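Next up: the structures, one after another.
After this come two complexes, each holding chain A, first together with chain B and then together with chain C.
Moving on to the complex of A and B:
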C-alpha cells in the first residue's frame, strides 16, 4: 500500500471508528436536517436552546441510569424516586428549611433511597428488575402518602435550578452539562468507573480479582438516586408544580435513552456520552414533531420506532470498520466471536 | 514403540474399569467401507477478508474415526461448523454419501449428520428425556406428549452413553459433565451415520470419559463415520484410525494414526520441533511460603498442606474430589474454618481482598467467565487488580492513564502475550493460550508470594502449554510458591516437586515427585491406599 493511501485509510478508520462508537451522531444530524427542512423555525438559536433545556432532565437521570445499566442492572424506580423527592420537598421541607438547604437535601434523600435498591441487589441477591419493580411502588406510595395525592405549586425560591440563568446560560443546561461531563469522566477515568465496567463485564471475574463488588453495586444505585434527585430539582424548577402523576412512566424513557446510546443491558459495554446522545435524539424527535405540527398521539409510536431502528442499524458502522481494519484482525476460530470494534 | 506405551497409559489412567488392552485399531478388521461418508474437496471459508479455512480436502469413510488435530485458531471449529451445516463454504464441495450436503441443520440431520458441540445446546428447563428426543417430538401426539413414553424411549440412548441419572431430571439440575452426556445421547437419538465430536471429554470425569471413548469405538464398529476433534493426544492415539492435522487454516498432514508418534504429531501441529517435555525445576527453598491448617467448609475437610518458596505443589484428584473447592477456601472465596498463613503471617479468613494483600493470587479454572473481561480492552484485565498503584489522585481514584498503559504494556511484554490487535483489543479476541497469559500477568502485577493455578492449561494448544510450563518453572525459580491444580496426571507429575492427592474433599496423600507415578495417584484418588 502506498503512503498516502495508508494515511487516508487511517483518517477514514478514525472517523468511522468514532462514528462506530456513536452511530447516533449520524442519526441525530439526519433527523435535525429533516426537521429543519420541514420547519425552518426548528434551527433557530432559541429552539436549539429550547431542545437542550427540554433534554436536561433526561440527560441528568440518564447519566445515573447508565452507571446502573453498566453493571448489568436496571432501575425501574427512577421516575418514582423523582416523585418521592418532589413530594418530600413540596410537603415537608418547604417552609421548615431555607429554600437552598431544602433543595440540597432532596438529592441526598433520593440518594439514600437509591442505595437501598443497591443494598438489596448487592447483598440480598434479588435481581435488579424485581428490586426496582418493588421499590417503584414503594417510592410512589411514600410520595403519595406524604402529599396525600394533592398537587402543589412550587414557590419561586425553589425554582432556581429550572428558571435561573448562569453566565447567560439557562441553569438546566449548565447543570446537565456538568453532570454528563463529570459522569463520563468518572466512568472512564476513575477507579470506580473501571470497577463498574469490570463488574458489568463479569461479576464473578470481578469477585475473583478481589474487587469490592457489593460496594460497587451500592455505589451505582446511590449515584442513580443522587442524579434522580438532581434531575427532579431541575424539573420542578421548570414545571413549578408537583402533581401525583409526576414522572409516572419516566423510567421507560430513561432506559430508552440509555439503550439508544449503545449501553448494553447485559452490562460492561456503553457509556455516558452515548446516553446523552440518546437523550438528545429523543428530545429532538419530540421537539421536531411538535414544531412540525404532528399529532401528539404519534409521539410514542415514533419513539418506539426510533429505538428499534437505532438498534437494528447500529451494527452497520461496526461492520464498515471491521472491513476497513480487516488487515489487523486476528484470525478467529469461531465466526460467532466475529470481528468487533474495540 | 511409543505409540503402544501411550495406549497403555490411557488404560492405566482409567483404572480399574477396563483391563482389556485395547490395541491400536486393526485396519483389516474394520467393517467394510461402502464408499465415502463425508468428502471435503478444496473447501475455503473466510470471515471479513480473513481466511479461516483454505483449500481443505479430506474424507471420512463409514466405520472410520478421523481425528482433527491442530492448535487453537488452526481452523478446526470452522471445519466442524461447515460439516455441521452451521456455516456455508465460500468455495469447494462437501459431499455426504456422494450427495451434495443439504443446507441447514435439519436437512443435514435427514442426511444422517449429527454434530456434538462443545458448547452445550440443551433446554435447561426441559427434562433429560425431552432433550434427548427433542428432534423427534413431532412423532408424538401433538396434544399430550406422555412423559412416561418419552422416558421409555429415551432410556436406551441414555444407557448407551452411561448416564446414570433419572431421565425425568431437569437439565438445569445436571452437572456440566452430565449435560455433555445428554448432548451425546441426543445426537444418538437422531440415528446418525456421521457424527462430529467437538472435544466431548473436556468436562467429563474419568469414568464418563472412558464411557464416551468406548462409545466412539462402538459407533465406529457399527459403521458410523466419526470426526473427532480433541486436544488430548492420548485420546487421539487411542481412538482414531487417521489424523488430519490443520495449521493456519490448511491441512498439513493426513496420516494413519499408526504411522505417527506423539512428537511427530506435535511437530505437525505446531510446525516446529517442541522443546522436549517439561522444563527442569530448580530445588525449592527452605522457607514455608504457604501454610494451610485444618481448612474445612461445606466441600472440603481438614485440608493441611505447606508449600515452600520456589516449590510447585501439584494437586491431583478426580473431578469432584474438591481440588477447586480447596483452592477457593484457601483464597477466601468460601466460608471456611481453619487458618492460612503466608510467610508465617495469618491471613484474614474468607476475604479474597485480604488474601490478595497477603500475597496470594488465584488463577481460576474458568478463564473466560471468571478471569478475563471478554468485552473490555485487554489492558483493563491486566491492570484491574493493581489499579491502586496506578492512581494520580488516590483519594479521588483518578487513573493515571500513561502509567496504566505503560504497566499493561510491560506486563504483556514479560509473559510475551501476543495480541496482534494491541492491548486495546477486546479480551475475547485472544486465543486461549494468550488469554491465560493475560490472566497470569494480571496476577503477577500484585507481586504475589503464592500463586494458585486451577487447570491452567485446559483447552490450550500444545505450543502455548509448553510456554505456560516454562513460565511456571521460571516463576518458581524466582522463589514463588505455586499450588498447581490439574486433571492431567502427566502435567502434575511433570510440573510438581510434590503432589497432593484429593479424594472426597480430603487430602488423602502427599507424594514426592521421585516416588510418584500415575498408578499411585490413581489408587489414592479412587480411595485406595498405597
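Moving on to the complex of A and C:
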C-alpha cells in the first residue's frame, strides 16, 4: 500500500472512529438535509438558533439524567421536580426575594430534593425506579399544594434565563452549552466521572475496590436535581407562566434523549455529548415537522419512525468501524508477498 | 442496617403522604336552608385541576350551597383508571346521592356510567361529552364546534387578508378537535388561510416551540387561533421572542383569538394584547348540573337530557359590557 493510500485510510479510520463514537451525528445530518430540502426556512441561521433555544431545557435536564443513568439508575421524577421548582419560584415566599437570589436558590432546593432520591437509592436499597416513581408523586403533590393547582404569570425579573441575551447569544443557549461542556468534562476527566462509570459497570466490583458507592449515587441524583432546577429556571424564563400540568411526562422525553444518545440503561457506558446529540435530534424533528407543515396526526408516527431510524443509523458507523478493524487484521495477517486485498 | 430500615420507613411514609397529596382533595360545602330530605351528598369527579376546573368546581359548590347539598370532590390527575376507582368509591363506599363528572376520557368512563346506572345513582356529565350518552342522566357541555366557529368569525372580521397559525389541543380530546373543526370550517368558508397547524397536546412548551417554529416558517402570519386561554402565555412568549408582541392598534400587532374566558384571557384583553376571547359559560354548568341531580333524585328525568351551551364573545369593542359575565374577569 502506498503512503498516500495509507494516509487516506487513516483519515477515513479517524472519521469513522469519531462517527462510531457519536453515530447520531449521521442521523442528525440526514434529518437536517431532509428537512432543509423540504422547507428552505429550516436551514436559516435564525432557525438554527431557534432549534438550539428549544433544545436548551432538554439539554440541561438530559445532562443531569445522564449521570444518573450512567450509574444504572433512572430518574422518573425529573418533570415533577421541575414543576416543584417552578411552584416554589412562583410562591409568595420566594416573591419577596430579589429575582437573582430566587433564581439561584431554586436549583439548590431541587438539588436537595434530588439528593433525597439518591439517599433512598444508595442507603435504603430501594430500586431507583420505585424511589423516583414515589418521589414523582410527592414532588407533584407538593407543587400542587403550593400553587393550589392554579396558573401564575412569572414577573419579568425572573425571566432573564429564558429571554436574556449574553454577548449577543440567547441566554438558554449559553446556559445549556456551559452545562453540557461542564457535564462532559466531569464525566470524562474527573475522579467523580470515573467513579460514576465504575459504579455503573459493576456496583459490587466498585464497592470491593473501596469506591464510595453510596456517595457517588447521592452525588449523581444531587446533580440531576440541581440541573432539573437550572432547566426549570430556563424553561420558566421562556414560558413566562406556571401551570398545574407543567412538565407532566417530561421525564420520558429526557430518558429518550439519554438513551438515544447511546447511554446504556444498564449503566457504565455513554456520555453527555451523546445525550446532547439525542436532545438535538428530538428537537430537530419537532421543529422540522412544524416547518414542513406536517399534519398533526402524523407527528407521533414520524417521531417514532425517526427515533427508530436514528437508532438503526447509529449502529451503522460502529459496524463499519468493526469491518475496517477486521479488514485491517486480515491485511496484517496476510503474508507480505501474498495478494493485496485492495 | 438501622439507617437502612429507618430510611426505608421514611421513604414509604413520604410516598404515602405524597400520593395522598397528589391524588385528591375532598371538600365539602356546608348545607344551608333546605329541608333535610332535599339535601343531597353529591360526588364530584374531575379529570384534573387547573384554572378553568377550579372555576367549574366553584360554580358547582355555589349552586350546591344554595340548595344545602354537600359536595365530596376528587380529582383524577388525568388518569382514567384512577377516575373509575374514585367514582366507584364515591358510589359504593360513600353512597353519594349523585355524581357529577368531567371525564378524563369520554369512552373509558363507560364502566363508571354503567356502575352508576346499576346502583341507580344519577350520573351527570359536564364540560366533556360522554360517548355512552344514552345512559347518562344529564349532560351539559360547551359547544366546541360553535365556539371554534365564533373564534373564526372574529378573526375574519378583522381587516385585511388573514394568514393564520392554528394551535390544536390534544387530538384525543373531543373539545380540542371540535374547536379545531369549527374554526377550520368557518375560516375556509370565509376565505382565510391556515398557514400552519401546531399540535400542542395541551402542553405549554410544545405550544411555545410550535408557535415559534410556525412564525419562523411563515413571516406573513398576522393571526393566531389559540384553542384555550391555557396556552395564551406560551403564544405571548413566542411572539415576544420574535419581536412581534405588540398591543392592538400597533402595526406589528398579531391578531389573537382564544377560547375559555379565563383570568389569563381577561387580563390580556384588558392589556390590549388579546383581541377576542370566546367565553365558556361554566357558571351554567354548575347550576344546571345541581338542578339535574335534584330532579333525578326526586325520581324524574331531567329534560332535555343533554345540553350544549355555546360560548359568547368578549373582545376589545364589547369588554366593558361583557366582562361582568366573563368568569375569568370575576376571579
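Throughout what follows, the second predicted complex is superposed on the first by the 315 of 342 C-alpha atoms of A that agree within 3 Å, B and C clash if a C-alpha of one lies under 4 Å from a C-alpha of the other, contacts with A are read in each partner's own complex, and residues count from 1 in each chain.
The rule is short, and it goes like this: contacts are C-beta pairs under 8 Å (C-beta built on N, C-alpha and C of every residue); 3 or more make two chains touch, one makes a residue touch a chain.
Because the structure is predicted, anything quoted here is derived from the model rather than measured.
Student: After the superposition on A, what does A:204 contact: first (chain B), second (chain C), both or neither?
Tutor: Once the two structures are laid over each other on A, A:204 reaches chain B alone.
Student: Contacts for A:38 in the overlay, against chain B (first) and chain C (second): which applies, first, second, both or neither?
Tutor: Neither partner.
Student: Looking at the overlay, what does A:137 touch: chain B (first), chain C (second), both, or neither?
Tutor: After superposing on A, A:137 lies in contact with chain C but is clear of chain B.
Student: What is the contact status of A:299 with respect to chain B (first) and chain C (second): first, second, both, or neither?
Tutor: second
Student: Touch check for A:269: first (chain B), second (chain C), both, or neither?
Tutor: first
Student: Looking at the overlay, does A:126 come into contact with chain B only (first), chain C only (second), both, or neither?
Tutor: So A:126 only meets chain C here.
Student: Kindly classify A:48 by the partners it touches after superposition: chain B alone (first), chain C alone (second), both, or neither?
Tutor: Neither partner.
Student: Under the stated touch criterion, name the partner, chain B or chain C, that contacts more residues in chain A.
Tutor: Of chain B and chain C, C contacts more residues of chain A.
Student: Is A:238 touching anything from chain B or chain C once the two structures are fitted on A? First, second, both or neither.
Tutor: In the superposition, A:238 touches chain C alone.
Student: Which part of chain B faces chain A closely enough to touch in the complex?
Tutor: Contact set of chain B toward chain A: 47-52, 72-78, 81, 87, 248-249, 333, 352-353, 355-356, 362, 364, 369-377, 380, 384-385, 387-388, 391, 396-399, 401, 420-421, 424-426, 428-431, 442.
Student: Where on chain C does chain A make contact in their complex?
Tutor: 3-4, 7-8, 11, 14-15, 17-23, 48-51, 53-54, 75, 78, 168, 171, 196-199, 202-206, 208-210, 212-214, 216-217, 230, 233-234, 236-237, 240-241, 263-264, 267
Student: Within their complex, state which residues of chain A touch chain C.
Tutor: 39, 41-42, 44, 46-47, 50, 53-54, 57, 119-120, 123-126, 131, 134-135, 137-142, 144-145, 148-151, 153, 162-163, 235, 238-241, 243-248, 283, 286-287, 290-291, 293, 295-297, 299
Student: Would you tell me which residues of chain A are touching chain B in their complex?
Tutor: Listed in rising order, the residues are 189-192, 194, 197-198, 201-202, 204-212, 268-269, 322-323, 326-335, 337-340, 342.
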